[in-house]
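The structure's right below; bear with me while I get my questions together.
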Amino acid sequence: QPQTVTVVQTVPVKETVPVIITPTPAPSPVVYPRNETLYTSGKQWGPPTSWNPLQPGSYAMGVIGLCYETLFLFDPLKNEYIPWLAESGQFVSDKVYEVKLRQGIQWQDGQPFTAADVVYTFELGKLPGVYYAGLWNWMEKVEAVDDYTVRFTFKEVRHQSWWNTLYNTAIVPKHAWEGRSQEEIVNGPNLPPMGTGAYMYDTHSEDRMVWKRNDNWWATKLLGRSVAPKYILDIVNPSNNVALGLFLKGEMDLSNNFLPGIATLVKGGYGVKTWYDDAPFMLSANTAFLFMNTTKKPMDDPAFRKAMAYAVNVDEIVTKVYGNIVQKANPSGLLPTWEQYVDPAVVSELGFSYNPDQAKKILDQAGYKDVDGDGFREAPDGSKIALKIIVPFGWTDWMESIRVIAAGAQAVGINLQPDFPDFGGYWDQLTGGTFDMAINNFGSNLSDTPYTFYAWLFRNPIEASMPNGNFGRYENPEVFALVDELDRTPKEQMGAVISKIQRIQLTEMPAVPLWYNGLWAQWNETYWTNWPGAAEGLPKYLPCTWNGYWNMTSILMLTELKPAQSQ
Amino acid sequence: MLSLERVTKVYRLGAFGLQKLIAVRDVSFEIGEREIVSLIGESGSGKSTIGKLILRLTPITSGTIRFEGTDVSTLNGLSLKEYYRRVQGVFQDPFASFNPIFKADRVFRMVRDEFYPQVGMREWNEKVEGALRAVGLNPPDVLNKFPHQLSGGQLQRFLVARALLLDIRLLIADEIISMLDASTRVDVLNLLADLKARGLSILFITHDLSLGYYISERAIILYRGRIAEMGPTDKIYNRPLHPYTEMLMESVPRLDRKWEEEGRIERKAALTGSVPGGCVYADRCPKAMDICTREEPELKEAETGHFVACWAR
Amino acid sequence: MEQEQPKKVRSEFIFFAWRNAKLRIGVSILLVFIVFAVVGPFLVKYDPYEYSGPMGAPPSREHWFGTTIFGQDVFSQFALGTRSTLTVGLLGGCIGTMVGILVGLLGGYRGGMLDEFLNVITNIILIIPTLAVLIIIAAYLEVRGILTQSLFIGLTAWPWAARAIRAQTFSLRVREFVDLARITGRSSLRIVLTEIAPNMMSYLLLVFILQFGGAVLNAATLDFIGLGPTKGVSLGLIMNNAVLWAALQLGMWWWLLPPGATIAAIVGALYITNVGLDEIFNPKLREM
Amino acid sequence: MLQVENLTVYYKTIRGYVQALEKATFTLADGEIMGLAGESGCGKTTLGHSLIYLRPPMNYIGGRVVLDGQELPIWDMEKMQEFRYRHISLIPQYAMNALNPTRKIGKMIAELLESRGVSYSEILPELKRRLDLVQLTQDVLKMYPIELSGGMKQRMVMVISTLLNPSLLIADEITSALDVSTQKAVCEMLVEFRDRGFVKSTIIITHDISILYQIADSIMVMYAGQLSEKAPTEVVFQDPRHPYTRMLIGSLPKVGVRYQEERLRGIPGSPPQLLNPPPGCRFRDRCPVAFGRCTEVPPFLEISPGHSVACWRAF
Amino acid sequence: MGRYLGRKLLIYALTFFLAVTIDWMIPRFMPGDPVSLMIARIGTRPEAAEVLRGYFIQAFGLDVPLWQQYLNFWKALFQGDLGVSIWLYPQPVIKIIQRAIPYDLFILLPAILLSWFAGNHVGALAARARWLDNTLLPVGYLLTATPYMWLAILLAWSLGNVAGVFPIAGAYSFSIRPHLSLRFILDLLHHWFLPFLSLFLVMFGGWAIGMRNMIIYEMESDYSRYLEALGTPQKLIRKYAFRNAMLPQITGLALQLGGIVAGAVATEVVFAYPGIGYIILNAVQNQDYFLLQGCFLFIIIGVLLANFLIDIVYVIVDPRTRLGMTGE
């Protein structure tokens, strides 16, 4: 339904601050001019239904990033935090962190943005159902020192979690939210959203979300940055098939969909651009792992798991299944942006690559031999091995991948069969620990810190249901302690801890890193130019509309865009 | 031999049997040894229903039917089979009585399968041929043929022969000649008469009075599920007591007398639905009196062996 | 009626069958596909999922129907898919027809409360959208094979058949030969099986054909929305894959067109056969 | 006045022609009610239908039909159109199902008449009169056929079929499905219709000869596609000349006759098939008096005024 | 007639009850624990997961015994509450459906009615015109035999992508805001056409064939022959035959409704048309059984209602039912 936002507010005159212009948005046009509109797609998989930044699983495209903003941005390419709503932040003592806010930032309704908003936002974490509720396990209090200074006091400093929270938590306006019930805050759709960001809610419908430029955006005044597109129209993802159709018809400028056959499209004169001009075309966004259920035989045997690592022909997956748009993963599984944390010594000593002979050798040594001559090895105790590897039915790229993996395993004598339960079944097996082997990548996403990656990979404690990582239920107090330690370690000192983790990881091989999924992004230059890219002279910001990416510099990408025809 | 006592049949129609249709009501009569009884009535009067009740083809609603003293409704399994060994039926449409996709003599095989599995094939075939000859058929002419290759009369005789294979005492013949040509009709009628001579009783269901008269000793006139009149055939034909019987007698196309000229078309047409509680014939009856619309007449013996249900008598 | 030999009845059927162009065309098309489903998989040179050729290659001597975006041989998939699609149709059709026959015969013959009860069930299943039921069942079974798919397609498709068969049974039940069998002391089951069912053979054949076609289409729809068999190949799955990988946009028409066209041809042929048979069984529709 | 000469009509089947009507020649006088009797399958319906409605698989083979001095183009479905209903009409064997089940009867009649260019409103008074005559209330016009009983439908069809006062009415087995009292009423109405001049002449097809005895002026007997005998009713009963007629009459039970007293006799044997029937008289095989001549087809000859017969023995 | 409708109502009530019960079982007995899915999707850090789990279990009302959940479900149902979607958390299911329904009606109603209407008329024409019979019928068979989605994809690709005549996604142009103007309405129709056409074509064939066969039967029926014998022009006979043949087609329509839903799913998916079908697919793919449950409930209600309407219409047009003569 179209909704015209007419927020007419009488702003209480504060001291001598000049009365702020009430933004009475000009009535939206009936037709969005093509050359002023950026068409995107790829984040939204269903009708936009929530504009509540406290609902990270469901909020509409751009709610955090375009509308609500965070204190910092994180630039994964440079691996640095960019002060955003905050001007700076630092530990003033062991357990106290102080953030200085920029002055002159206004909410979209014209109200000034102050420390009270920040305090209010973090206090919300005390409500059940708010996703950062866990923060208060180790944070003691948050207080406004003055209008532009916020002080956080911790019971225990978790450096990695803290930084992650800092650049991920969208600040909400206290004055607009204060009167709301708890239910509304946690579960309300929050329509229309009202933040500090560059874009304001314009309209939405079943298949689109439209943002309109906030012409009073603070960054224009304070940082001299402005966003070019007057409208951002995000198209709800139809099927890949339709998305590709729309994209090729020029009805989409930026697509963050997984589009099949992208190599053909980039090279075939369709005018399709990607980050790299050549394979792998895309930046990497997460790591796909082969999880093995370490509570089951023979996956409880590190030697067996190691052999599996050697048996998987990832190259074939990369070239055949993905047509080279993904990259083979580093044995550590760390994304390229975290390359600095890879300990080359450990990897060269313990790393693996596709080598069936090596796999056979390991299996032979560990006592896995084909005793009964059926072509498959039996366990050292003589019992038969018959394993299944699962991915959700319909996830065709994964389906193809496990066919390759199963073939590789069979080639070294492991009876591994691909199986494709429906997602529900897959999910139950995966989280319930009843599977044999499975592929998953849900929590290995790009972030500011490899801690999120390890916290997922070695998620603990092991519980009945494991929805957030460590699906193989690999239990090792030593590595769990190291991951916890990593959380408490400041960025500069992480290397040593990670190196220890990597050593255990590569020795024990609880899960095999397979490939890096791409940060699917393709665009064309018909209406907008100066897209980022690997090539010399192009902006180096992430071109991505997914959740959590606007504050990983995608918003800056917008400030670099230029209309194609304006010159 | 066979006796019906206040037999009533209600068909349930409509959703979950909410609607009722009384097809036969309080019918009592008997069939003695070696007796041919005609059951006569217009279409829908419940003749076939009575036949079906006797043959246990449809469950009885109330009342009892006894065959040689045993309540027929208590029969099941083997005893029912024994009953069918004694009581058999032949139906109106000879063509519909045979499964069109099988050969006609399958009906004999079915009898053997069910009743005489121990009898050897040759012996059985001889028995069948005997029965066929008994009904006036030449076995080689009719065996091994499909129903459509045989004439209606032949088929009807087939069915009688089939009944003869069993040790039957009573034959229910439901309008067995109405579908036949005039010439074939007679043959089947004569056959029935001969059967009686062989010791059978027959319930002869028909709507044609002249046919009923031709072969039966006693006749029962049925009107809308009730017995209107019952008695020796000659009495009913020659001195009908019930106005309905009278009307029927007048309507029969006779070959010796033409229909009364002046009576033409003046009769009242049947209306649907009579007065509840009264005589069912009251709305058509030229002699209807007050009481007729109020109370239903009981079947009374007007003279020995001659019963009638009419207030006017 | 004229005297005729039983052989002539059969020959009359064949005569009309042969004269009936619809039947000729329908049956020939079906035969072609059935033969293909039987023989095709033996002509296959590659495993359907093996990366046996160049990626997304058009039809060639090596790969008759080209290859998929991954370089799998479309012909191999197609041959196996045709087989399983026909299997689903056959099995699903059989099951649907069987259940329909069972329910229809039982209700129609026994009548009374049993009939009322079966009737209500039939109505309910008739009214509940099949797809909804299928989606639920399909999603419930984590792992599905061609057989399970046939099973539940068959189990949801029977109501109209049951209804039709019930009506037929009803009219046959009051036929006198049934009464005759009853007074011969035959058991109900035998009567239904030996007296009533044989008389509906032509009708059952028509029902089966329609169920067959329906099952094929239902299976294709399920496959397409991702609830197809999780194992094996079927024409619907090939289409599903082709669409997921944007075969048409990327110019790989050879991946999408054959399976859809084949389904249309098989089901169309079934329908045409059905009408042809109808014309033969039904003297009223016969053309002289 | 209807004159039929050598009318031959076959059914075309895949195995050849069913010779259902062979060289039928007869005349029907104005005001005459003629009964057409014969065994089932002998071609009665075929004869009746061929006069009005000859359509495949019926095939016109030859012969002439003249009605009131005008030759009927019975072989031409289109040309026959103007004669149907107006000059020649039919009460079909299936009268019970002859009315469109989803149309109110009055409406159907109106549409039927308008389609034949007759004004319904003009004919309505007459229609009502005739309904009265057959003892149907005028309400039936507002009813659906399903609301009428079999006898009522039968009468309704009678009224409809004769509404335009055709010269010839063909009534095909209209009494077979009725019980005696209704039978009688319907038959009497047929006579009434003739008496009142609604129809000039009538052919009543039935296999129930005793009914014909009641109402027909003349009776024509058919056997296996051929005419056997036609004579005034009395003559047929008193002095049948064709052996088949004789045997047929002989097999009729009379009220008051019981088998103990007078045993009736049927006709042994069965009629020949009409697909490639044997040459000559078709009754030959069953005829007790057959002789050598019978291998030739006997002509249907008038042996006395109004009495024709096709039997070598009768000439 | 009252009895007839009463019986029908009873069956509908029973159907509804049973269907709703089955429907209720969907989210509870399907694989794929919705709560753990939600948590996984939020991808929260470990410490919050437990809190959230408890929260969601309560939010979805899964913390009471099953029978209680069942009763609650009925209670909520009568208050128009179908629970909360998982996929589109925290959107109430009913709202999602409400927004999608108009699109479905927009496509389905015209497609069903027009195909029925056109199919019946063309079928009736084919029954008497040989050339039409010989050309149109094979096409009709092929159309009904075509898998919905395959036809839809071909249409979208050929007319949308290659020819570029029609848009391939959405209910109206992405560049347009819904408002009342000719331009918008035209745009709406422009987007509507292909999905409509794909459904129309497939259904059309079925109706045409059915009608043709029915008419041929009717033209052979006794009343037609009687009218013919009375010299009635073909026009009137055809009119009657058409009317009477229409009756089974009406019942056919009722029987078809359930099946049409399937077509709608496939079509909406192919054309990314934001109706229920599209939502169903997404609900299936996202294990959102609450949403699935809601959608099915709506479909069931819709089909039941439509069936009931058709029943009433049937009673009105067919005197036979009115007299309780037909069993069904």
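Order of writing sets the chain letters: A, B, C, D and E. Residues in each chain are counted from 1.
By definition in this document, a residue touches a chain if its C-beta (ideal position, glycine included) is under 8 Å from a C-beta of that chain, and two chains touch if they have at least 3 such contacts.
A quick note: this is a predicted structure, and the numbers were derived from the prediction, not measured.
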Chain pair bearing the highest count of C-beta contacts: A-E
Distance-maximising chain from chain D - centres being C-alpha averages: A
Geometric centre distance via CA averages, chain E-chain D, whole Å: 55
Whole-Å gap separating chain A and chain C, where each centre is the average of the chain's CA atoms: 47
Chain A and chain D, separation of their C-alpha mean positions in angstrom: 92
Inter-chain centre distance, chain A versus chain B - centres from mean C-alpha coordinates, in Å: 89
Residues of chain D touching at least two other chains: none
Touching two or more other chains - residues of chain E: 30-31, 153, 157, 161, 269-270, 285
Residue list for chain B, restricted to those that touch at least two other chains: 16
Touching residues on chain C, where the partner in the complex is chain B: 1, 3-4, 6, 9, 116, 175-177, 179-186, 195, 198-199, 201
Complex interface listing, chain E residues touching chain D: 221-223, 225-233, 235-236, 240, 243-244, 247, 317-320, 323, 325
Chain E to chain A touching residues, read off their complex: 30-33, 36-49, 51-52, 54-55, 59, 85, 87-91, 95-96, 99-100, 103, 153, 156-157, 160-161, 164, 168-171, 174-179, 181, 183-184, 269-272, 274, 279, 282, 285-287
Chain B-facing residues of chain D, complex: 39-40, 133-135, 149-151, 177-185, 187-189, 191-192, 207-211, 213-214, 237, 247-248, 251-260, 263-267, 270
In the complex, chain E residues that touch chain C: 11-12, 14-15, 18-19, 22, 26, 29-31, 138, 141-142, 144-151, 153-154, 157, 161, 209, 213, 216-217, 220, 255, 257-259, 261-262, 265-266, 269-270, 280-281, 284-285, 292, 296, 299-300, 303-304, 307, 328
